[in-house]
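Working notes for the structure below.
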Amino acid sequence: MATVALLSDEDLSPEVAAVFADIRAVRGTDYVNNFWRALANDPSLLKATWGRLKDVMAPGALDPLIKEMLYVAVSTANGCEYCTHSHTAGARAKGMTDAQYGELLAVIGMAMQTNGLVNAMQVPVDEAFEV
Amino acid sequence: MATVALLSDEDLSPEVAAVFADIRAVRGTDYVNNFWRALANDPSLLKATWGRLKDVMAPGALDPLIKEMLYVAVSTANGCEYCTHSHTAGARAKGMTDAQYGELLAVIGMAMQTNGLVNAMQVPVDEAFEV
Amino acid sequence: MATVALLSDEDLSPEVAAVFADIRAVRGTDYVNNFWRALANDPSLLKATWGRLKDVMAPGALDPLIKEMLYVAVSTANGCEYCTHSHTAGARAKGMTDAQYGELLAVIGMAMQTNGLVNAMQVPVDEAFEV
Amino acid sequence: MATVALLSDEDLSPEVAAVFADIRAVRGTDYVNNFWRALANDPSLLKATWGRLKDVMAPGALDPLIKEMLYVAVSTANGCEYCTHSHTAGARAKGMTDAQYGELLAVIGMAMQTNGLVNAMQVPVDEAFEV
Amino acid sequence: MATVALLSDEDLSPEVAAVFADIRAVRGTDYVNNFWRALANDPSLLKATWGRLKDVMAPGALDPLIKEMLYVAVSTANGCEYCTHSHTAGARAKGMTDAQYGELLAVIGMAMQTNGLVNAMQVPVDEAFEV
Amino acid sequence: MATVALLSDEDLSPEVAAVFADIRAVRGTDYVNNFWRALANDPSLLKATWGRLKDVMAPGALDPLIKEMLYVAVSTANGCEYCTHSHTAGARAKGMTDAQYGELLAVIGMAMQTNGLVNAMQVPVDEAFEV
């Protein structure tokens, strides 16, 4: 269960309906997932979040697939179940292979491990890393 | 300060010295950073960690630069100062451009934000995300 | 499922029953939620936790509604599903409006985002922030 | 040290200088803190972040002081040193008293504690919390 | 639901079947839990993870029961539901008493609380703690 | 720097001085570390925190050394620099050997790694783990 209602298409104000129409147009699918249906309870938060996400995840210096994998990495470290599922599905939809997914998991596991070791030993930053 | 001494090259047992030699050979540099000098206090932990890191970060289905950026993403979410510095430096050394770094930051910020929104609203996972 | 049994009213020792009676009296409701029914397996932990919570969440320099919203903020950042639900419900019961909830979500999302950006760039603390 | 240079006023492009001018105008101070000087390396990220922060932290259904305290709560849970310092200073500048700060700390400590207990016992969410 | 299929015994390649056989032999039980059935999709990740876990959790300077409790402590702080369940069950199977579990919970709660207070106040490390 | 002043012995109210005297008596040392000097700004928070810590960390079903190591495990996962230093020093003062510390580090690293893998794959909890 969520802390808010998940709005269905019949429940939307014109302002929210316009955002949903843009989500559908940009993504090329009629499906609007639960995150947006939850955010729809607060139109200004919905608009700001979608507007920014659309920009950030667009093709640029990094490929959209790489961006989805980075999103999975952050979401995993934060223990966000929904985000992990939605962006893993997003990465697969953008062509992530099983081999790439296996390496993504391996890097996440390795990073978590050395994050723990470094935090436990409180290793001081090398001067060599300075910009 | 660290919770353990950072071992210098003169302090190393033959077992540890062999790992340091492999680090230098694989990375093509004489510089061995503080993380390994801290781990050197426990030769078996050093060997296991380096052995696994060498495998995980090697070229494969994902480019080593992408792996470094994924490492930065996890380390940032975990708030690991040392790891963030070392892998940002690593990504730069592997050719990360300013534009790529800017997009990496933008994705991290976006993921953190929606992780927070999703966790706050406890959005249920869509059936559409099922494997 | 939980790692411990959730004790029902029939299962309680006199010591635990007295704590439950105090929870009911302080909160003005007969309902005792699952957290306390789980903690009831360890009477000393139950007493210490309830005793402290009662003091901390009482009206003081901060309004109880504000305290519930702060609780939601921490619980969200820690990814605690149960705590997020229970304290969001608590905030609503204390009068949180939809507009206040929308702004709470927006602040959480903003803070998560800039926490990520700051951790990624490892921004040094300004001297101007010193006490 | 940061992973990027902190830009001084002499280093700014006109686009970034305009954002800094807005920060100064909105806050009523000439001081621009390090977070913005780090973000200034990526003008689009700077503009998006400041634009959103300005909206989110403005007076609304919640008082700006309450928003700063919520920001401290999230930043603390995420272990963000810089954010904790900057928003604690921000809360003080907006009138947070010592008594309010003491209660903020107490709520953070309490929430962290019960987040840990709940996560350890994996307490199931009460149906009573459903919207 | 998981992001990958959970492989049953009939689905295993000879390489994976050999790892499962070792898990059964080392643990003295025919039961192989879901974590390994998920990892089985990537044989090299499965082998590396099981090989390391077997070494780390073996009796040594710390008792296996203590290691399970440490595992619960880390998993709880990270909010990992599965890991908390599996290692709490593991600790009970190794003889953890209710009294020990109550104290484990109390220490976790205390540590979470003071972690929050320290992070909020940004207490500087005492020189007396230096190695 | 901290967000509050660290109080020296000359700055203490009688109420706080009494707590400091108890800290010294229980620990058998004249040294009072910075955490308590920061908390001393809020006498009621100081008293509640010290009172609870004294109970939780006392010998019981778990040895005080084990409790210190559990504290290090939680503090590391939460990235709390001060807490990691103070409780690692505390564990050493209670007799933690280098071999025990090496295994503590190895378990922390292992747990972090599998926490990440499990969170990434969202492995469902086995029915076999039910109480």
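Residue numbering begins at 1 within each chain, and the chains themselves are lettered A, B, C, D, E and F in the order written.
Everything below uses one rule, namely that a contact is a pair of C-beta atoms (placed from the backbone, for glycine too) under 8 Å apart; a residue touches a chain by one contact, two chains touch by 3 or more.
Keep in mind it's a predicted model, so treat the numbers as computed, not measured.
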Message = Just to be sure I understand the contacts, which chains border both subunit E and subunit D?
response = A, B, C, F
Ask   = Chains shared as neighbours by subunit B and subunit E?
value = A, C, D, F
Remark   = In terms of CA centroids, furthest away from subunit C sits chain B
Query = Counting shared numbers against all numbers at the contact of subunit C and subunit D, is it over half, same, or under half, different?
reply = same
Note = Relative to subunit D, largest Cα-centroid distance belongs to chain E
Ask   = In whole angstrom, what separates the CA-based centres of subunit C and subunit E?
value = 27
Remark   = For the pair subunit E and subunit F, the C-alpha centroid-to-centroid distance in angstrom is 21
Key: Where subunit D touches two or more other chains at once, by residue number   = 1-4, 45, 48-49, 52, 74, 76-81, 84-85, 88, 102, 104-106, 108-117, 119-122, 125, 129
Key: Touching residues (chain side subunit C, partner subunit B) in the complex   = 72, 76-77, 79, 81, 84-85, 88, 104-105, 108-117, 119-122
Query = Can you list the residues on subunit D that touch subunit A in the complex?
reply = 1-5, 48, 52, 55, 125, 129-131
Key: Contact set on subunit F toward subunit E in their complex   = 1-4, 6, 31, 33-35, 38-39, 45, 49, 52-53, 56-57, 60-62, 66-67, 69-71, 73-78, 80-83, 85-89, 97, 99-100, 102-104, 106-115, 117-126, 128-129
Request  = Would you mind writing out the residues of subunit A in touch with subunit E in their complex?
outcome  = 79, 84-85, 88, 98, 101-102, 105-106, 109, 116
Note = Note: in the complex, subunit E contacts subunit A through residues 1, 3, 41-42, 44-45, 48-49, 74, 78-80
